[in-house]
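A quick write-up on the structure given underneath.
For clarity, chains are labelled A, B, C, D and E in written order, and residue numbers in each chain start from 1.
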Amino acid sequence: MTTTTDTELLKVQNLKQYFPIKGGVFGRKVNDVKAVDDISFEVKAGETLSIVGESGCGKSTTGRAILRLDEPTAGQVEFGGKDLLALSKKEMRKMRKNLQIIFQDPYASINPRQTVRQILSEAMQIQDVLPKDKREERIKELMKTVGLGEHQIDRFPHEFSGGQRQRIGIARALSVDPQMIICDESVSALDVSIQAQVLNLLKKLQRELDLTYLFISHDLGVVRHISDRVLVMYLGKIVEIADKKSLFDNPKHPYTKTLLSAIPVPDPTVEKEQIILKGDVPSPIDPPTGCRFHTRCPFATDKCIQETPELRNNGDLMKDGHRAACHYIEEIESGEMQPNY
Amino acid sequence: MFIYTLKRLLQTIPVLIGVTLVVFLMMHLIPGDPAQIMAGERASEEQIELTRDRLGLNDPLPVQYATFVGNAIQGDLGNSIRNGRAVTTEIGTRFWVTVELAFYSTLLSIFMGLMAGIISATRRNSPVDMFIMVFALFGLSMPNFWLGLMLIQYFALNIDWLPVSGWGSPQALILPVITLGTAGAAIIARMTRSSMLEVIHQDYIRTARAKGVKERYVIYKHALRNALIPVVTVVGLQFGALLGGAVLTETVFAINGLGRLVVDAIGQRDFPIVQGSVLVLALLFVLVNFLVDISYRFLNKRIELD
Amino acid sequence: SEPDNNGGGDNAPANDNNAEVNDGNADNTNTNNEGEGGEASDEDADPSNLVIATLSDANSLDPHGSNDVPSSAVQHNIFETLISQNEEAELEPLLATEWEATEDNVWTVQLREDVTFHDGSDFTADDVKATFDRVLDEDVASERAFLYEMVEEVVVVDDYTVEFHTEYPFAPFPSHLAHTGGSIMSAEVIEEDYAAMEDGGQPGDYLNENPIGTSFFQFEEWSPGTEIVLSRNDDYWGDTAGVEQVTFRVSPEGLTRIGELETGAADIIYPVSPSDTSRIEETDGIHMYEQESLSLAYIGFNMQKEPLDDQQVRQALSMAINKDDLIEGVYEGAATPAVGPIGEQVFGFSDEIDALDYDPERAQELLAEAGYEDGFDTTIWTNDSDERIAVAELVQAQLSVIGVNAEIEVLEWGAYLDNTAAGEHDMFILGWVTVTADADYGMYALFHSEQQGAAGNRSFMDNAELDEILDEARREPDEATREDLYEQAMEILVEEAPMLYLYHTDYLVGVRDEVEGFWKHPNGIYQLRDVTIEQ
Amino acid sequence: MDNTNTIIKVDNLQTSFFTHRGEVKAVDGVHFDVPAGKTLGIVGESGSGKSITSLSIMRLIESPGRIKGGNITFNGEDLLAKTEAEMRSIRGNKISMIFQEPMTSLNPVYTIGDQIAEAYQIHQGLSKKEALQKSLGMLELVGIPSPKARLKAYPHELSGGMRQRAMIAIALACNPQLLIADEPTTALDVTIQAQILRLISGLQKELGMSMLLITHDLGVVAETCDYVAVMYAGKIVEYADVTTLFKQPKHPYTVGLLKSLPRHDIDQDELQVIKGMVPSPDDLPEGCRFAPRCPFAREMCVNSLPDLRDQEEGNQVRCWIHTDEWDGPEVNVKDDYDYGYRTVEGTES
Amino acid sequence: MSETTANVSKEEKKRINPQIESLKNVWRKLKTNYLAMAGGILIILFIITAIVGPWLTTLDPNMPNVQARLQGPSSEFWFGTDHHGRDIFTRIVHGMSITLYIGFFSVAIGMVLGVVLGIVAGYYGRRIDAVIMRIMDVLLAFPGILLALGIVAVLGGSINNVIIAISIFSIPVFARIVRGSTLSVRKLEYVDAVRALGASDFRIIFLHILPNILSPIIVQATLHIATAVLTATGLSFLGLGAQPPTPEWGAMLASGRNYMWDHPHIALFPGLAIVLVVLAFNLFGDGVRDTLDPKIKS
């Protein structure tokens, strides 16, 4: 278990990220992709918060907005008490030392024309960590930490396997001694055997360096393994947030339930009840009104079409800190409402 | 689509202003006095002064430019200094001649370039591929006048199939079009080749093969249309370049086109002709690039224009 | 017959550029051309239509609206002048029957009475007056006004008699009347043109579309940049033209014109590059027509710049050049070495003058005397004419023998004229055509101190004695005295060497064998009246 | 395993790529059958040769690759002996394939309708109009909403799930006897994946097809397949019916694979990992290819390659442990995996 | 003992300069590409010829010889003589350096500027992109001859100025290509990754984007050399560029124009020389591109 303290390291409030769709005569904005639409959550120092949800629901966008890789449309991002969005470009560059990211694709996220040494020393040079003469030492140390051999230090990315590349990405993120790392689908592209290696490594690093992770994934197996708390997104909104156990054992939002049931179980003898959704994910350009899940939800009513549900906690049914955005948590729980497939 | 067209048209305005402004300044910057040229060399100072006045060359530059733009908007591009004819008349027929020449040449470049590029790509690293690519480099390095004169010598004089020069009849078109189109064909061949090589390894080509599609259709139906997309950009640029590059071809084949007009006019410091032609050429250039963008969309519906 | 200030050598601006470039067009001998002369086909030859393929289009059909050869060549076939020149450059009557200087300042001209314009109106003294009033009108700003600047008034004595009152006695006046600039237009047309000007048009707007003259051809159609078509004037007062139609077609590339001649797409081509003459001669069915010209090719010295301000240096440079080599190397021998600024057909030429002949040793001595025994560095300017570049290269090589290091600089035509007029050059290569075939035209503009700069005197010659002689010679009515004066002038000019007189080129015209009766005047104008095409 | 009613039989298939650095044995002696009407899953890590195997069956290996040896018998006919024209009439007709990437496997410049119709036009000689009509039916069958409108849609106008369904429609257009699905759902969300898998299974039953399902997701295998072949470095290491494979895996690699899966249904503190990495196909170990990573590996594993040997119920495994020659202590691979001992130093690099 | 130190220092060197290592890698890959090597060897031969060639030829490249005009190829004049009787072979050898100089530098300068503008436009997008690309449009739509005249007027007509003129023509071509590539590369995750590390825009553009879009740049650059040499010729009549009698190949080619039919060798040999240079650069450029491409593993 990782130690969890109660200090909030990252606090996201009312974060919105709209991507303009240009059009019209003067390139005016005609519409928005509402990729992230008003979400709030916080991450405590030393914990792992996972964000799950279908492709395109805004997970990466949330991560990128926090890092200001895209400038968010609205909202606040406080990191270690500082409002990141208020920082100048230059201050932000400094700040990045504390907040790192590991990307999904180990092939696309490393410049194919740099050797490991160049990658790591560049990172340290940018943030000016350590005096120059100490960096060499540090690079070797980092290589060891992520499980790469010293002899590989002058190799190019294409000379590594996917898993090893992902380790380079991790080493790069670690090279500047960050407090927090955003892992955007950092293991999704890896083979199972390699994935296990990387997940173990991430956990070990967290223990040793007291790191905080914001872990973005759509693989619930992985998420269950690594997280302390889990946040479920659907179409730019948070639909449920809870500690890991509550979420997996006691999901409250219909979408979360579907998601959990859809994961194939590597055991042919288990006959599980799969909830198959109708339809595809709607477009974030014109998201459905009210509850955004209503177009696919087997429980949807007119109320769902009209009213946007708030994230709420029903103390009777849910543990502290477990909140879900559904009008009918109670009704579904009690069986009063039946799914309508 | 309509909005997009409108937007593109509006975008041309800064380009047109930029082009005319630069041309305007350049013409005034370089040595050579149109009044002197018009009044004749033996003219007296007063006479030149008078001419300058009449041509409005004594006005401050901004006023002259504003006058030019103001008239241009009303479709009046002024009169040639050299022969006093309206610039619009002077440009008129010549413009279409050059456009026609450039158009057919572009067609030819596209046709030859595509064929060569496809053959090269499908037989990558074979002797045929090498031959075509070396041949393309020849095409690229061959000056227009060289090729043009050689063609005349052979086709018009030695075997007497085609007329030496002129414009209008389909036969007269052949040699100039080949002359002008060759370099473009070479570039397009190279572009097509690399573009095809990229496309040919795409997943959807494999899909087509897995469907049992004949190889010929795989290449021409599935691969080519995708490979065309980057080629189209080059075609657009090429067409623009042809408009400007037609001078030598027009000279060799005694074709009375805009290219020759502009170059002559620059030599004679015929400001109105130069400004007018450049304006028209710039307009055409922008139009062609607009068409290129449209054809992108036609080729690949995925590309959103806005 | 028409004089004109020609592109060939004259540094007249604008269009001349083109004319210029090709006039000398190239260089080249066909020494090792293995007589692979083919046969010219004549499939396209139409006996009623004479096609002349030329380098450039006319600028204007208004005889007052331009001053270039391509324009004159066409104008000459539509309009007639009062006086004409024959093949030997002698003056002959045309619209005038007689002319004489009735007073010091008055030339009286008798007109032909049976002449009508193409529009049917009669030709009278009023038309003559209207024509000359117009060319001198400042509003019209004719490029040819300089030809008649000495005319103060044109007086109509009766329907067929006019008097030209000049500011000072001007002896060469009849030869100026023979210039195409003196083409007679109908007074009505001139009036129409003025009317068009009133309406905001340019001078010549109307005239260009309605060039109505009296000559043996009349205007049919002009597609600018492509061709001008004239048709036979069947009501001509004299012998009518031999062909029904003549087309002046623009064909800017030399080799293409030859192709057109070979295939019969053209009957006459001009100019022909010297390098191609042998090809034409070896091909059956076509031949060369060569005609000495009134042109001069020269290398001007900037007499205001060191060391070219030193007469000995200029003489040295002149003597360092082997003109025969130049003519052979650049012109395939189709030119005559020049002694002074004018050739032997020009009135005022004297063969008594000793030329500065090729003598590199003497040249070296002269340089040493002038204090440049080690030579010096200088530049030779030229515009982009193959011929002139070739000249520059050869001259550069020959100068290097006497230790003079000349860098060649090619300038664009407009800039070239501007910069040479401003005197920024050291040496420059240019040409001049004495279109009137009178020494006055050939010397006054080039060497009179008042003509410095753009007017023609680009070597900035400033010699009081010469000025006086030239001034006197143009007023002197007596021909013999004039000849004496010009001999003196030439002596000074050779001695002073303001320029290195290179050579007088021949016109090189390619003609199909079917064409008969064609000749070209030394001033560069095609004579087409008697041309017929055999079938 | 030699079922009489096998639809396709792959025997000792060898496919190599001849690069300028030498031969890359991507598939090296693969052997399996697909029983008629059943689904065979092929699992294995990335690069183990799954796709190349399936492309070899389709005879779609491109230069510099070449099928070096072996037999592929489809319905009793030797596919490798067929001419290219004969193969074309089989492809998309009797054997169809669904590819991994729905995003890139559809031609972006043609409509979905055109692309489905093409299969009908080629194999059934239908006119464009008839073909489109049939395509419409196909789109309905794969459950695309408002199929009529989608017929005229371009691939980019569809979501990933719809695109994959379109791919399936193309593959199923001519009622193939064998469907090869190469990672048909890897690029999709779990919810969409569930939809697609259910769809394929349903259609398989309905149309009576056999299927070769390639994936590296063991969960998918467990839910859809009847038989499973596990590939490792170009070779099949284990072949078994699905229940046996998950209950009683015999090959250490299969076990390692199963153990390294993070489970969403239970908590694990640390995942089991297979040490080291998949050997590069151009530099394969001499002996058992898994030896360098195998916790049980002994001298003999490093030195010589075991055969694929029959086990009970037609299952097969390629491991010395399950042979009489095994010279080590007796091991129960599944249970002892964690405590595996290593007699040979692994070459981790 | 000494052996170990030697080893260490070797290792040390490797560490200190990984770039050299990577260059060596490039070289190793390049060596196996025969066509590229052929191109490279040709280029080296050209350069050697440009340097020592003039010392080896016996004839004067510029001295006219009226007696020897217009001769065809022979044992005395390998490539024949031109209209001044100058030996064409000698002139080609002497002109090698100037032609290479013009071709290389005009492309290099145009490429550098075009690449910078293109990357900046593609990377920053929006306004900056619009402004830069509209300026490029202006340049493309603008008659080159006028620009050349302007340059002569302002700067004079030296060889370096013709290089400037051609460079300016080349800018929009490169800018367009580079912009397109930049747009696609800028979206890649590794760009975001270095940005997330706090890298400045400058570093991202030049250290991370540029190396990954070299391929189209190289192709365009090698093709463009031909255009540059021919353009230089086209401008020489404006007084821009090598002045006669400099044996610049393009000028030699152009001077053969009047003799095309009867003495084609005058234009032919300089033309072939240009083709050969272009060919060499293309072969070499293609090889370098393949070598630098991480997708093509050695």
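Keep in mind that, in the parts below, contacts are C-beta pairs under 8 Å (C-beta built on N, C-alpha and C of every residue); 3 or more make two chains touch, one makes a residue touch a chain.
Because the structure is predicted, anything quoted here is derived from the model rather than measured.
Each step here moves to a touching chain, and the least such steps from chain A to chain C number 2. More C-beta pairs in contact connect the chains of A-D than those of the other pair, out of C-E and A-D.
Per-chain Cα centroids separate chain A from chain E by 48 Å.
Distance between chain centres (mean CA atoms), chain B to chain D: 53 Å. For the pair chain B and chain C, the distance between mean C-alpha positions equals 37 Å. Centres computed as Cα averages put chain C at a distance of 89 Å from chain D. Chain B has residues 30-31, 145, 149, 153 in contact with two or more other chains.
Among the residues of chain E, those touching two or more other chains are numbered 149, 152-153, 257, 260-261, 297.
For chain A, the set of residues that touch two or more other chains is empty. By the touch rule above, chain B contacts chain D in their complex via residues 201-204, 206-214, 222, 225-226, 299-302. Residues 11, 14-15, 18-19, 22-23, 26-27, 29-31, 133-134, 137-138, 140-143, 145-146, 149-150, 153, 187, 190, 194, 233, 237, 240, 244, 262-263, 266, 274, 278, 281-282, 285-286, 289 of chain B are the ones touching chain E in the complex.
Across the interface of their complex, chain C is touched by residues 62-64, 66, 69-72, 83-85, 149, 152-153, 157, 236-239, 243-245, 255, 257-263 of chain E. Listing the residues of chain E that touch chain B in their complex gives 134-135, 137-138, 140-147, 149-150, 152-154, 173, 176, 180, 219, 223, 226-227, 229-230, 233, 253-254, 257, 260-261, 264, 267, 271, 274-275, 278-279, 282.
Across the complex, chain E is touched by residues 25-33, 254-255, 258, 273, 275-276, 278-279, 325, 328-329, 384, 386, 389-390, 392-394, 396-397, 407-412, 415 of chain C.
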